[in-house]
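What follows is a single structure, written as structure tokens, with notes after it.
The first chain written gets the first letter, and so on, giving A, B, C and D; residue counts start at 1 in each chain.
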Amino acid sequence: MAKSRYEYVKQFELDDSALPGTWMVVRIDGRGFHGFTDMHKFEKPNDLRAIHLMNRAALEVVGNIRDIIIAYGQSDEYSFVLPASSTLYSRRISKITSTIVSLFASNYTMHWAEYFPDTKLLVPPCFDARLVCYPTQRILRDYLSWRQADCHINNLYNTTFWAIVHSGKSEQEAEEKLRGTFSKDKNEILYSDFNINYNTLDAVYRKGSVIIRQETEVKSVSQKSGEEVIRLKRLPTVLHDDIIGNEFWKKHPELLVSSQEYE
Amino acid sequence: MAKSRYEYVKQFELDDSALPGTWMVVRIDGRGFHGFTDMHKFEKPNDLRAIHLMNRAALEVVGNIRDIIIAYGQSDEYSFVLPASSTLYSRRISKITSTIVSLFASNYTMHWAEYFPDTKLLVPPCFDARLVCYPTQRILRDYLSWRQADCHINNLYNTTFWAIVHSGKSEQEAEEKLRGTFSKDKNEILYSDFNINYNTLDAVYRKGSVIIRQETEVKSVSQKSGEEVIRLKRLPTVLHDDIIGNEFWKKHPELLVSSQEYE
Amino acid sequence: MAKSRYEYVKQFELDDSALPGTWMVVRIDGRGFHGFTDMHKFEKPNDLRAIHLMNRAALEVVGNIRDIIIAYGQSDEYSFVLPASSTLYSRRISKITSTIVSLFASNYTMHWAEYFPDTKLLVPPCFDARLVCYPTQRILRDYLSWRQADCHINNLYNTTFWAIVHSGKSEQEAEEKLRGTFSKDKNEILYSDFNINYNTLDAVYRKGSVIIRQETEVKSVSQKSGEEVIRLKRLPTVLHDDIIGNEFWKKHPELLVSSQEYE
Amino acid sequence: MAKSRYEYVKQFELDDSALPGTWMVVRIDGRGFHGFTDMHKFEKPNDLRAIHLMNRAALEVVGNIRDIIIAYGQSDEYSFVLPASSTLYSRRISKITSTIVSLFASNYTMHWAEYFPDTKLLVPPCFDARLVCYPTQRILRDYLSWRQADCHINNLYNTTFWAIVHSGKSEQEAEEKLRGTFSKDKNEILYSDFNINYNTLDAVYRKGSVIIRQETEVKSVSQKSGEEVIRLKRLPTVLHDDIIGNEFWKKHPELLVSSQEYE
């Protein structure tokens, strides 16, 4: 069988390397998640089981792909950040993007039952993904700020919307009531009508989830002595911190140092 | 909160459209599948359960993405073909590639237990993916021939290799025996030493799996009369045909017609 | 001096190969040519000296870059076609595009005085260029038809516009008179008001210029006998044929044959 | 005439924008300049007329394209730098590259006779060009250092090589004598054999040419008073400074400030 006769088709695979020296962000987004959340009866405005499942899938991705130094998730999206110095898969865009999104999808599916023990997974989840390059730390931080600001804006809206609906109004009525309102108006509605102080809601809802590697105490049993020992390991950890201000970055200076060689 | 201040980062998302008028092939490949098959004790040279699971995941992808007109799979890889006329997701490479690979990964995971009822899924499967454009039908057919020729070459090798090993030799001995042999030598070993006529082995192993949409009789119960009716629907179907020769393409002329307008 | 310390910057030069198996068209366009033609007092609607200079520059480009099989020019633009099988400069887009446009610009400048003996070149001409890939012969022919149709539309408009202006009207009056008119209206104005039968105008204006290599009789003096000999050579030649219909392509079947291997 | 029928071919023109927020460098290189310099009898190791002509063409390019903030040239190459904040031609790579290279080629041709009054231009010069993106100031400076280090290495070699040749040796003998030598060896040969102190040679040869915009006194005649007035204008100016060390950049802080907003 003439294998070589067909081998020429390999030359159609063009190089798709990301520009060296830039931060690479892979953002995955749920496809058709409006229907997916309805079908599986997610709680509104936020379903903590779903958030924890998203975080679990992301933790597995970060644990698997060592080059990822920070990840940020909210709603049905997650962003994974590779430093400017990363040479993962020779920086081939398709390879990096597809590996991350497929790992996320299979982990989400595999761990579903742990987070939704009473809800059968009816259809497989689907995520799309894209890789975007950011030339500097400043722009990378602005990207992450953009996603966290988006989390805030959407969560404030959704919290107010569902408070109105849960109080007995129709979804249409809630939509009309919120049309054209500013943040302070929604805060006021929440406080006056529902006695909710938005700023005291759990940070997981207001800030989304940040994953970085942190020194963590890990217990294990010594093979020699049979005694329990505690060691420090750097493990992917979920936080709900503000990442727009400077405080977070001052507290974790190692996050941005990795690509500073060229800046 | 100044949302707009960060919105500028969206401009870093560059257009990645595939050239119009070209056939798009998304090929997914198992990542680290050597370890994955060992861990889950796949039978050698071929595990029919694993082949059926791959085909099931691919059938779901083809059912979900209507633009796919043919798919071809073997070993831990699958190729999905979109016609030159397709405008799926405005032909954005990342969007198409990530959607297909994530659907494949979540379906593989979700349907695992149906095909491996006695084997627990220990780690989530991971696939990478790439999209390649082929300008003409001729080159597209050569691409598919390349993959099916690859299936033949690998399967002949593996069948002979594992026949030797199962007869009591070490893997190293089998490897040495096959070094430098041609197809006819392997056919001869199979026939003389193991009484196996390679060409009579099941086509699923020798040819891999082809998915196209075929007229299929679907039974349903009429809501009016309550009687069972049979209707013809075009459903994704797995075949194990030869796709290198012309016969297959003559039998399914609709496969190549879809982009002929420009040729 | 530490040369190697800086060599790493070479890795930022990403591959920009054109998809194999596709026709490559480099189209150059005059930049700021409205001002350029005013400054050098080009005749309206067409200046034959300028057309001949454009053609001369294009002939030199075609003579220099052997892979170009056909070129088409009109107004201040020229398209150069490389066949799908071309491997010029490993199909690197920047290399091909920049070589062609710089050759065109320097030839235009160098030969100016031959075509404009009485007009000093006041500013250097500037052209931009882009390379576009077309997957099939059919689309390539449609591209060339698009440019020749554009030539026709613009030339009919310009011929009518300048006839009106030369008859004593202002440019604004001419513009108003032509607003919303169709081809047949302009033909009618030309015929009724100016006694011009558009279809009998010289083809160089109505069809633009096509360059292909044609068998040409070339006279030379034999070094042996000292006698004049005539030999046939394939030389780049300017035609003003219709390239939209099939006749031209039937007459020159070698033009499309070069990439047919894959179609 | 059915114009619209062909218009669809425009969709094959894919977007080729450079990544925002990165420094863009267009480097042009002489094509076939070895033959070009022989044909026009350039002096060796350096022909000052040729250097001045290269600089003249580059000055015209910088004067024409306002976004260029610095250019660097040596031998038959020139690099033009656009700041990370530039939005010239929407950062389209082909448009920027082709405009710069065609302006350079036509200026080189047009001004030839001013610099080579006694040498007829026999063939049009040709340059290729590429655009490379550099994410940070640090990498941009390393790029420019790379080119100036290259200038030094080549010029030291050529100076020594031609000194040997001009002393009566063959080119082959000179080549053999220099094989495997280090910088200090060549400096020593120059000093011992030819009494040349390399470091005192004119900087134009050792450092190449840098173009930046500098405050320049420009004389003009006042239209009101008829008197001569002197005004300061920022004009493209050729320098032969070292651009590897920090001094140059400290002296011209405006060069790097333009893109600092994001760093």
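We adopt the following convention: a residue touches a chain if its C-beta (ideal position, glycine included) is under 8 Å from a C-beta of that chain, and two chains touch if they have at least 3 such contacts.
The structure presented is a predicted model; accordingly, all values stated were derived computationally and were not measured.
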| remark: Outermost chain relative to subunit C, judged by CA means, is A
| Which pair in C-D, B-D or B-C has the same interface as A-B, with over half of the contact pairs matching by residue number? | C-D
| field | Gap in Å, rounded to a whole number, between the CA centres of subunit C and subunit A | value | 52
| said: Averaging over Cα atoms per chain, report the distance between subunit C and subunit D in Å. | reply: 30
| note | Rounded to the nearest Å, the gap between Cα centres of subunit A and subunit D is 46
| said: If a residue has to touch 2 or more other chains to count, which residues of subunit A qualify? | reply: 12, 14, 19-21, 133-134, 139
| query | Taking the complex as given, what residues does subunit B use to touch subunit A? | reply | 1-3, 5-10, 12-14, 28, 31, 60, 64, 93-95, 97-99, 101-110, 121, 124-134, 139, 142-143, 145-146, 149-150, 152-153, 183
| said: So in the complex, the part of subunit D that touches subunit B is made up of which residues? | reply: 11-12, 14-15, 17, 19-21
| query | Taking the complex as given, what residues does subunit C use to touch subunit B? | reply | 19-22, 84, 133-139, 262-263
